[in-house]
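There are two complexes below, and they share chain A, which is joined by chain B in the first and by chain C in the second.
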Partner chain A sequence: MDNIKKLPDSVNKKGGIMLILGVIILLVAFVFEPQRAFFDYLWIYMFLVSIGVGSLALVGLEYLVGATWSTPFRRITEILASITPVLIILVIPLFFGLHDLFHWTHHEVVESDKILQSKSPYLNVEFFSIRTAFCLLLWLVFFFFMTRNSQKQDLDGDVTYTKRNITLSTVFTPFFVITITVTAVDWMMSLEPHWFSTIYGVYYFAGTVVASFAATTIAAVLLKQGGYLDPRIKNDSFYSLGTMMFGFNVFWAYIGFSQYLLIWYADLPEETFWLIHRWEGSWKFVSIALLFVHFIIPFLVLVGRRAKTNIGLLKIMAPWMLFAHALDLYWLIFPTYFKEGAGFSWPELSFPLIVIGLTMILFKVLSDKKNLIPVKDPKLQAGLEFHL
Partner chain B sequence: MSLDATFTREIPLLEGKSSFKEIDDVIAKPVESKPTIKWWIAIGISSTALLIGAVCLGLTFWYGIGLWGNNQPVGWAFDIINFVFWIGIGHAGTLISAILFLFRQKWRTGIARFAEAMTIFAVMTAGLFPAIHTGRPWLDGYLLPYPNQHNLWVNFTSPLLWDVFAVSTYFTVSFVFWYVGLIPDLATLRDRTTSGIKKFVYTIFSLGWRGSNRHWQHYERVYLILAGLSTPLVLSVHTIVSFDFAVSVIPGWHTTIFPPYFVAGAIFSGFGMVSTVLIIVRKVFDMEHIITVNTLEKMNKILLATGTMVGYAYGMEFFIAWYSGNPVEQFAFINRAFGPYAWAYWIMISCNVLFPQLFWFKKIRRNIPITFVIVILVNVGMWFERFVIIVTSLHRDYLPTSWAMYYPTMYDIGILLGSFGLFFTLIILFARTLPVVSMAELKAVTENAQPKIHHNGSE
Partner chain C sequence: MFGRILNKIDEEFLKSEPRKGELFAVSALFDTPDQIITSAEKVSGSGYRRFDVLTPYPMHGLDNAMRLRETKIGWVGLLAGMSGTTLAFLMIWWMVGIDYKNVIGGKPFFNIAPSIPIMFELTVLLSALTLVAFLIAVFNKLPSNANPLMATEFMKHVTSDKFGIYIEAKDPKFNQNEIKSLFSSLGASEVYDINEVSYDEGKTKNPILDFKFVGNLIGVGIVTAILSYFTLNYLLFLPPFNWMHHQAKVLPQSESKFFNDGFSMRKPVEGTVARGFIPYEFKGMHDSLVVETPNPLPVTKEILEKGKKNFDIYCSPCHGYYGKGDSRLRGQFPVPPTLHSEKVRSWKDANIYHVITNGQNVMPSYEKQISRDDRWAIIHYLRVLQRSQNAPDSDFEGK
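And then the complex of A and B:
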């Protein structure tokens, strides 16, 4: 295709400014409040894991279940998944902050704490690092091969690439669930090392899937409105994106509710303290806001069929869901730092700046090199013809 | 058979070309012909089992539930195990008819009717157990909250009561869903039958269906709405069942992953049972071209996925029990795996997690005899899962002085046998009185049914 419209250079420029600004804010925060800065940075990292690895899982899911409606959007999801290799660099600074982030890294604390001692075969820096490295490498390997196959197909349309990716994604899916659980337990649940919940991995998993669908949706909507996508992609194709976002959001609420109800009902002090921390001072309002922002409002807005084919509405609701996921992660991470009540100030501004800036640059750089739809994918025609 | 080069062509649901009449003939044959000797043997066996159960139940009513093996501390045993087991079986039907419908999975057509019927019968069977477990089933009316002279109310904060609501809602919606789907087929039977009585009955229950355009429009709309309503029900019922256990503070019961874990397990066991029955049905009724190997292969994939999810939950429970650092919690799980009921635990692990892993291989997924063996193992494994959760968590609780072993009595086993008898008797009766595959839906997915010409006239 020769008449491809390229994304304007201003995307790079705007993204770059945001990214640099975000990094500067974060660096200044490191100087004045290093511990807080590490929490901010963890927030950014976990959000990027959600979007990046979650998108990789969505790419895999398409191959695994043989979906066709999503094929025209798959390249967008692949570009979002290319956050994955960046994570390997992004994770490094976090290792300098383990002491600030995780209570269980303090030897003197562990020595006087029986429960932490019993957990130390799992919660120790060496094993923790090995697990993180394992997860990152695994994601990188699958990302590399899956996107390479997809991209090579653009040249010759060979179906063996699809076959290979079906095999790869079949293997990847169980690994995805396990690694995302490990990541959730290690990087977020162990912030409160005494606390435990068996559903925690599923909870984070649900959030990542919602966030990645939302990220694909907003990117697709913006590209569509800018005229960068194939005009044959019609509103009906967006229906399924909206439905999946809606469906998994209900799933997220179900998981969150299950966790809350069971802990509240049993009322065991070894579990309830985690929820009590999220009810301390102004955290109360964050907790209530999470319920409305993440579940009730999107549920009511997106429940109808027309809402999901309404691109204008999706343009609002997709970023809304991304915001909701950011709020969710904030709710999971920050009560360990802001003990008295929720806090938000200039250091936290680094979060939106870095996340959005980085994604914009990745999009610009990669969309210049790749086609924005998988032009020779055997399933593309069926995907373009999709109608309700 | 594999996909074509575009990976998009749907595998034809019907193998070979069948005309609409041939479809009707094959599906309506069991309904319109006299029962065969095989059918009499089958119903003989299942009703005998039912009768054994009825006798054991009668004796239980007469003498009280002291006849059962329940003791202190194992206050819940076979009765609740059977309840959870049968409720779980009931989940495949709604998943197939509601969730797979919303996911636009056409392969569900061949199996949806049967699975829905199994849902209804399984829920009926399950409903018996809490009713008899109360010990005084003649007082069960009080489970329903209504204003009464005694000013006696149910405990609204108990998940056991939520069960009453969840299960009755589930039964009602599943039943309506099933019945609505049957209407066009009942009309077909009405038009085909020559017997006056049958004609009369079919006429009443087909509600004046004439197959007009408007009828179909209403039908499709109701079907979509009911599918939407049923979808949360697939999750809610077993979630509430899991709450029965998880809201308590018993180690091994109280863990937050229970709701999704129970739902995955329920779908897993439901598909296991549906596969078990369908493999027999397709053979007996010559429906191998309707309930195809491709359909069974897809069901096997769902079994693999849900079995692995259940495995994830087992692993997570075990890991967090250790990670919690709580010695009571740790003991409960060590006792499960290595205590006196370790055999039950390892039956559960191997049947639910290990054997389904064989479905990673396409050859095994498409091999009917091996599939049959594995799905039977799934049924066994899922029954033992509930045994493990209930009995092993209770038999050694906080106070070692009150530890005890649980041994079922012949009445427990008789009632369990009777529940299978009831379920299969209902299934066998269903197979002779109503079409086991939806004729109307099946016609819609044959190759002849799809318009070949587009609106703009192009082919």
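And then the complex of A and C:
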């Protein structure tokens, strides 16, 4: 594998600049509008959870179902999953902002609010912190063991590593479903503590998987076009990435629509206000844009078979889907802060800068240490031979 | 029984030995998927057009290797799917928005949100069914009765454990020996010639039309129908939910056991006034006792038209369309006096109302037939009639 180029150092430099710029913007925002800065930061955090933990789930999924087509791309997904340990550091500042973010952390509010009182056995800072810590630790443990096994296999190609990872991912997958639901409910749904939707976790999960596939796709496309990937990976392999992105995007729409339809049918004031708020003022345009950007346009573009093997098109659609997921999270989080109507200004620029900067650095640092494809994975050959 | 019938069908077919015809194709079997892909590439690359590959399971990469043009079937699916969407939309819109409006939870009759699942279902249903039908009828040119490949050793293998390819004799580049050596050079495990087959027509008749077969089929149908009728209606019969039938109510034509007088229908309490029926206070009294009440209705075009309508219906048979007493009853009823007499013209509205409501001598009461408002409307119209027949000269001056 020595003839394959390593990522240039400029990646680190560019990524670093973006990251620092993003952090500076966030700090300045914190000085002027601390609450807004915390909402921005929550947005960034949840997006990184999507990509990091979602990618970890994709790695697990590959082992669980015995997929071969994704094996050549698995290292890329693993690098994206290595956002997971970083989350443990990233979450700390959020805890200083609990008061700014979450209504239910205010004692005087809870005292005069029947609903919040009855929810307080679940919604209290102590239990909340325990849950968050539990989720993060669980992710960390599985991330550590799964990537270590995959890593070790690069040396001797021993099948037992694959078998161990199959066992690990069998245990991990149900835990993933539970933890991602808890995370979605705790960090986003409780922004409106009066509101509830039992499908909320699934909704976030669907977006997470789309975003992770999109992130893997764009990373793979960029690395391939730059010549950093094994040339044996052919365009046909990208077909499945496009298909999965497309498929889970339809799943996201399905879940989103289910949530909407049930609320519409029941027409209960305690449920509808959440959607009504997103249909007021300029939020209405964000809602409509979400429908088009996240579902209708990508659906029409990606529905054809040829679209999914067209690398040039995937290079547009993968970032598009990442943008759509960011918009989705924005739509979920920000109506609590921007009560009057959607807002976007320089503090929100920290989002792309930090997310992209951090991912670039991770790629540079980790690709220096690892091979960008799992060179001795027993399934690799089958994956490389995949054709339509 | 069915086994016997099937055996019989088999026998019929076997009786007519197929006769081998001209060469149809040269075929080859391969052991591995990789071999068949390279062979397909090679065959299509050498310029053969009329050839096909048969594999026991669908294989990736084959259409590329065979250099097939992209199939158009996707467009069929798209079109059928879209017509499904449209159809479902129109159906729901028509059903809940126009034909059978039902208020459910105070929601608008037609709304796009709950229609989407149905639109989705019909999209999938229609595109799937159309695709299958199209695939069979158009792309595979079925139903056709036979294909030379059937009942060959080649076919047996490609449907179980081998990968096969054949080149038709109709191919413009066809050369039997060349193809055979091409196949063996590609590592074919077996090479077959496949001939056209034909059956003697006289000996085979379509077993589907066999009298016994059809008769048996109908017999089985009838037996099944009878059996299921008895099973469902007697054996597995559960009495339906009919508690509503047995309730404390009086059935028609039967006596009430609850009330002493046996009537189930009770009379209203003395002095009850039914809604909308205000009793007439001068009922049965003499004309002179009627206290004057003015006509409560305004004189408008609608009221006059209503009055005319009711006058023509109720009064004109006796009084004539113009109230002149020119009855259409031809002497079967005493001819009433004209309504244009000095007397009636000088009457107050209340007096005319009294006559209509109470009747007068032989003229019966119209209280039951004509509502209060309609009676007053008739009076307005009657005034117009009177004026038209007794117009003062000043009316003609055309002011």
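Heads up, the rule we're going with is that the second predicted complex is superposed on the first by the 388 of 388 C-alpha atoms of A that agree within 3 Å, B and C clash if a C-alpha of one lies under 4 Å from a C-alpha of the other, contacts with A are read in each partner's own complex, and residues count from 1 in each chain.
One rule holds in what follows: a residue touches a chain if its C-beta (ideal position, glycine included) is under 8 Å from a C-beta of that chain, and two chains touch if they have at least 3 such contacts.
Predicted model, so just to flag it, every value in this text is computed and none were measured.
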**Message:** Given the alignment on chain A, is it a clash or a fit between chain B and chain C?
**Reply:** clash
**Request:** Check the residue A:119 against both partner chains and state whether it touches chain B (first), chain C (second), both, or neither.
**Result:** first
**Prompt:** So, does A:10 touch the first partner chain B, the second partner chain C, both, or neither?
**Reply:** neither
**Prompt:** After lining up the shared chain so the two structures overlap, which partner does A:197 touch, if you call chain B first and chain C second: first, second, both or neither?
**Reply:** first
**Prompt:** So, A:265: does it touch chain B (first), chain C (second), both, or neither?
**Reply:** both
**Message:** Touch test for A:387: chain B only (first), chain C only (second), both, or neither?
**Reply:** second
**Message:** Once chain A of both complexes is superposed, is A:304 in touch with chain B (first), chain C (second), both, or neither?
**Reply:** second
**Request:** Pick one for A:167: touches chain B only (first), chain C only (second), both, or neither.
**Result:** neither
**Prompt:** Between chain B (first) and chain C (second), which, if any, makes contact with A:225: first, second, both or neither?
**Reply:** neither
**Message:** If you tally the residues of chain A touched by each partner, is the higher count for chain B or for chain C?
**Reply:** B
**Complete:** Clashing with chain C: of 148-156, 346-354 or 364-372, the chain B stretch 148-156
**Item:** Residues of chain A at both interfaces, chain B in one complex, chain C in the other
**Value:** 261, 265
**Complete:** chain C contacts chain A in the complex at 60-61, 63-64, 70, 74, 105-107, 113-114, 116-117
**Request:** Over in the complex, which chain B residues touch chain A? Could you list them?
**Result:** 3, 5-8, 232, 235, 239, 243, 246-249, 254-260, 308, 312-313, 316-317, 320, 323-326
**Message:** Taking the touch rule as given, give the residues of chain A at its contact with chain C in the complex, in rising order.
**Reply:** 236, 257, 260-261, 264-265, 267, 304-306, 386-388
**Asked** Across the complex, what residues on chain A touch chain B?
**Response** 66, 68, 114-116, 118-119, 122, 159, 162, 174, 177-178, 181, 194, 196-202, 250, 254-255, 258-259, 261-263, 265-266, 268, 270, 378-379, 381-382
